[in-house]
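Next come the structures, one after another.
Presented sequentially are two complexes of chain A, the first with chain B as partner and the second with chain C.
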Partner chain A sequence: MLLTKKRALALSAILATSALALTGCSGAGGAKQDVTLTLATVSNPQMKDMEELKGEFESANPSIKVNFVQMEEGDLRAAVTADVASGAGQYDIVTVGAYEVPQWGANGWLQDLTPALKADATYDVEDILPPVRDALSVDGKQYAVPFYGESSILMYNKEMLAAAGVTISNNPTWQEVATAAQAVKDQGIADSGICLRGKPGWGDLFAPLTTVVQTFGGSWYDMDWNAQVNSPEFTEAVTFYKDLLANAGQADPVSYSFTECLNLLQEGKTAMWYDASVAASILEDAKTSKVAGKMGYAHAPTYKTAESGWLWSWNLAVPESSKNKEAADKFVLWATSKDYQQLVGKTLGWTRVPPGARISTYEIPEYKEAAAAFAPITLEVMSSVNPSQPGVNPQPWVGIQYVTIPEFQDVGNQVAQLVADAIAGRISVADALNKGQEIAQKAGDAHKK
Partner chain B sequence: MTTIVQKPGAQAVPPVGQAEKKKVRLSRSLILPALIFALVLTQIPFLVTIYFSMLNWNQLYPNEVGFNWFANYVTVFTGPDFLSSLGATVLITGSSVVLSLLFGLGFAILLDRKFPGQAIARTLLITPFLIMPAAAALIWKWSMLDANVGMVNFALTTLGLPPVAWNTDLPAVTIIMLLTWQFTPFMMLILLAGLQSQSKDVLEAASVDGSGPIRTFQWITLPHMRQYIEIATLLGSIMLLQVFDPIAIMTKGTGGTKTLSYLLYERAFIGLDVGQAAAFGVVTVFITILVATIALRTLFKVFMNGGDR
Partner chain C sequence: MRRFKSGLTTTITWILVLLFFFPIAWMFMTAFKSEADAASIPPKFFFTPTLDQFQIVFDRGMGSFLLNSFTSSIASTLIVLLLAIPAAYALSIRPVKKVQDSLFFFISTRFMPVAASILPIFFILKFMGLLDNITALTFLYAAMNLPIAVWMMRSFFNEVPMEIIEAAQIDGANFRTELVKVVLPIVVPGIAAVALICFIFSWNEYFMALLLTTDTARTTPPFLASFVDGRGQFLAVLSAASTIAVLPVIIAGWAAQKQLVRGLAMGAVK
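And now, the complex of A and B:
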């Protein structure tokens, strides 16, 4: 599989360069050189909307053509990493997750966009949600601009909680949530009181679990990159998560991640769900969701910190290896501008405006109306999280539900498998985390100064 | 066996005359490009994999790529992953092969007689093998084993039994169950062919001599079926060794389901460690070759005996 992929990459690189050479030749004779930009992106609905609307950009900039290459998240990560790291220059614009931006920026793989963003007066860079901007900057240099972003919130079925005689405040604690979940389950109002991700994977189980660890006072690493995985706080958090799942959670937790929990809540088989804020827009879609209009939303549950939501964004960046940086910058700024949001709203519908990137999105009257149920809470949570120090103690990286070191995918994945074994009761939480500590320490050692 | 019969025949007619020789040379040279192509396509990637396995190449650190000779193999053999993974592979492949073979034999015996609707029954029984592995895993994950809406748990609760959290509590059993379901038709087809090639005269003679169905099966059918069972085991093992989809979709390698092929995927696409993944790949290939050679040798003997019989 590796080989064919590599070969395909090489082949497409050759094709792309020859295509570039050809367009370069044909353009040389004309007054202005034509440019074809290649954009690598993840195949999410918002990105497909962008491709649908690229014609607007092309007619405003007749000398620039934009080619979209859509891929699954995993494939994108592999293809873009290979291209950007080797400096092959196949892509002029890349879609990069918040996890990679600071790493790649620090490696010198991405162009510093700060000057370009400041130069454009109408762009209003201050309008980008500050926590998102922080997560994309290293030493004051911003390496990417957010296309859309999300945090994590608690979603609950108001009718079920009322039937159980419990309420959830706007800033609930985990204890409050556990009590409510238990009440729902004990009174038989739903099969389970809460749905939480249990599927092993750094982006599955450990996205919500890391935020729980942080609000319980734990962390993956301390300031000197000593792993903290078997610390009392980390252990307490994982034990709490495991117990909550066992007492009031969904059956067969290891099978459950975002999609599975979404189904469960939509079918009315569980009362609460702690997950990505983007889920709210799906739950409120009256056409597909049985619980539309019945849902309440609250901040991520906390314990020792004031906030506990995570922070994720899909961003556009220009690799240093791109040969058309000027044109690429132009497109990146266009796709993340206020005008683009208006364009999406007017041509495709207001619920399809990419959320969680700009403050002004939440001031558009039409958007406010279309997304009344979840827009205010999303903005509230996204502006209040702190990616520089999400937990109780300071951390040597910027980011909430991940650690911005290259090894984290692997570490998070292996520890998630151990925690899944603990959730299933095959090993104890302490044993799982002691093994996890070793795995995490090996990665941490590589970053000690 | 047909090849064994044909080969001497082909040798018995050597090319005569200059024109014939020319013709042979021409046809050989026409085949050459395809032969070279096939060799390049099948062997170069393996050689490249061996080369990769001697590199320190983590995609996350592209500036540190270099030779480290056998360091990756040292990691493979001294790390905690390899042995447990080998154990999981043996357990999952072994149990799935044995179970699907037993079920396959049962269904083949049932199908090896005339009854109304036989064709329909056969088609229905083959279906699981025709479904794409990823689709089959999704069907099992959602429709069959889901703890809330799955049919299996629904059936269990209807019978008054407690529902089972399949992927959480019994991951290895879940995977073996799915693979058995999927590979039973394959075994059934091979064994059915074997049953149908049985001479009816012999069976009739046995029944005339007063042998009951069980004794006939044990002393006549089973010896006849041995070679079919062996080839089914060999082919099934080779296919099941590479199984990946249900593990990636259902258990994600937890609870003793991290087979070598899934471990390989994890090292390559999550760890992004090309060198280590290639080393795991090379080791897996050698193990497969080893097992297959031993199995093939015994099989070959069976073919010889079959010829004698």
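And now, the complex of A and C:
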């Protein structure tokens, strides 16, 4: 018994020492004047380029090092939300989507960047595309700066449409697109006339579908947060989308999102695709795309509105919990500056300049030349969309393809699953939207005053 | 008729083997393709192989993620074995009081999904300053695998004939000799099976690694997912990273193959 007690004491001592050692280890750090910034980011080409070029910043600021932690989009959301909401302070700079910025800013999780942006005379905050800037601000305070922005456009294979004897105007209607897609499919020019996302998810299926709903006159909620998911307009839009996919779309649409449709169009297996404007730069890359030089681009198709199309940006923000705010601000301003755009163009090539963030990007002669096929339409669409009222009806939030409430990810995912079931023919559109209405209303009730 | 049945069984077995192995083979092939070849429709079986994707993976610093995975997986497995063997012994060969209650307690710690306990763990580690710490992750993996290891080890110990232990005791073997020289050599295949399973569970663990680490302690699984690009092609580079990531598990499984088959068969016999 005595031996057991001794052993227990020894074990406790070992555990206590280990705990102290662990705490000590974690507390050990470098010299105080050297700052290492940890940047959590989505793994997209623009951020990979930024990591490649961070050496330029580090050379100019020898006391600051920047570590990039790249993550898959869903992982990034989970990891960064846990960090900023708990104030853990593991990340000094975070990549945040336009959906989260206003919510996190209002929660007090992100640093107000307005003073830092105004203090830097060379930064030119007015140069950021106004719809993007609006989406990142709450009550006049800007909580993030964009390094990349996109809208949605219609991309089509000119040769295929010519072979089918149809044309697409610069501002097409959805009916025009449906007719062209049907012609391509009926004449066997491609396996499908159009590729559209069908994969369930608020950021997958509902990114394009919400813009269709809006231009058909529908919306997620009215001004009093009453859900509108089973309204006649919402139903008409979803039915149109489903029928278009069934009649002229790709096979097994519920397994298709951005990458799958990109492959289909690149391989010449479909004639049209409505998706993110950034896809145009990939389609025009002659090294990887079989359709480079054969593509045409048009505004997002419409029905009852003059314009359609979504608005999305990936942005850099500094969490309130960061222990290195000053250095973090410095890097954020550098990485989203006009000079950085020049650096990317001159070092990596002009087609790799991050699109959709600054107006001046579209005035750079080299960029205009390199991205002539898609730059003008990207700027046109991004400048013309209205995140405050993207559809026919007014809405109590700012945002196009999402509703800026915390519940929307869950609501969007659940309703997307129901709509995907309808697209796959497992349930009717009416059943899917009636169930979706109940789900959306529960979330809406939480925001009623 | 007998030959026909035997042939049919062999054919079905081969079909099943190919069916299970095909995704791995496809991943291995895709790792040597260019992104354009990897995305081609219909899929390409013949292509010019390239090592470019492996270059990209290592340029992204996969070595440090692999090292973290090795450290946490091997160390946690050793801790688990160190604790599970005596615990299982006390629940099998020299049973303590209330064995069934103890066993239920062990397995009950696995009832709650990690997602439900991750926030308290996150806040405890934050409070202790142990976020992004490989030692903390190692202990968590050990705690995660310990219940299943105790249960498995107990089933292996149950297979040891009591007559052998009694004979050793009659010959004057003390507790330590009985455990180390008589019982453990008999259950070595079982230990190998437990070790491999704990290693695989730790190696593949994703959720805790994602939320509790950021940079210095991050392991391979979240690193693999970081190649998924929402706005571009990534199949070839992801396959290259995945090919490297599965190699240690395949090698460990292959090396312990003989012991593993014996160990799993041993535990299965009741």
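What we mean here is this: the second predicted complex is superposed on the first by the 417 of 449 C-alpha atoms of A that agree within 3 Å, B and C clash if a C-alpha of one lies under 4 Å from a C-alpha of the other, contacts with A are read in each partner's own complex, and residues count from 1 in each chain.
Basically, a residue touches a chain if its C-beta (ideal position, glycine included) is under 8 Å from a C-beta of that chain, and two chains touch if they have at least 3 such contacts.
Everything quoted here is computed from the prediction, not taken from an experiment.
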{"item": "Fit-or-clash call for chain B and chain C when the two complexes are aligned on chain A", "value": "clash"}
{"item": "First, second, both or neither for A:P253, with chain B first and chain C second", "value": "first"}
{"item": "Which superposed partner A:E407 touches (first chain B, second chain C, both, neither)", "value": "first"}
{"item": "Touched partner set for A:S151, first chain B, second chain C, both or neither", "value": "neither"}
{"item": "Touched partner set for A:A78, first chain B, second chain C, both or neither", "value": "both"}
{"item": "Touched partner set for A:T38, first chain B, second chain C, both or neither", "value": "second"}
{"item": "Which superposed partner A:S313 touches (first chain B, second chain C, both, neither)", "value": "neither"}
{"item": "First (chain B), second (chain C), both or neither touched by A:Q417", "value": "first"}
{"item": "First (chain B), second (chain C), both or neither touched by A:T210", "value": "neither"}
{"item": "Which of chain B and chain C A:T95 touches, first, second, both or neither", "value": "neither"}
{"item": "Clash with chain B, by chain C stretch, listed 60-68, 96-104, 150-158 or 168-176", "value": "168-176"}
{"item": "Chain B and chain C footprints on chain A, overlapping residues", "value": "78, 82, 86, 264, 267, 269"}
{"item": "Residue ranges of chain A in contact with chain C within the complex", "value": "18-19, 22-23, 25-27, 38, 40, 42-45, 67, 69-73, 75, 78-79, 82-83, 86, 88, 90-91, 258-259, 262-264, 266-267, 269, 276, 278-279, 282, 287-288"}
{"item": "List of chain B residues in touch with chain A within their complex", "value": "45, 48-49, 52, 58-62, 141, 145-149, 163, 165-169, 171, 250-255, 258, 266, 268-274, 277-278"}
{"item": "Of chain C, residues touching chain A in the complex", "value": "35-36, 39-41, 60, 119, 122-123, 126, 128-133, 135-136, 210-211, 214-215, 218, 222, 225-234"}
{"item": "Chain A to chain B touching residues, read off their complex", "value": "1-3, 74, 78, 81-82, 85-86, 191, 198-201, 250-255, 264, 267, 269, 406-407, 409-410, 413, 417, 420-421, 423-426"}
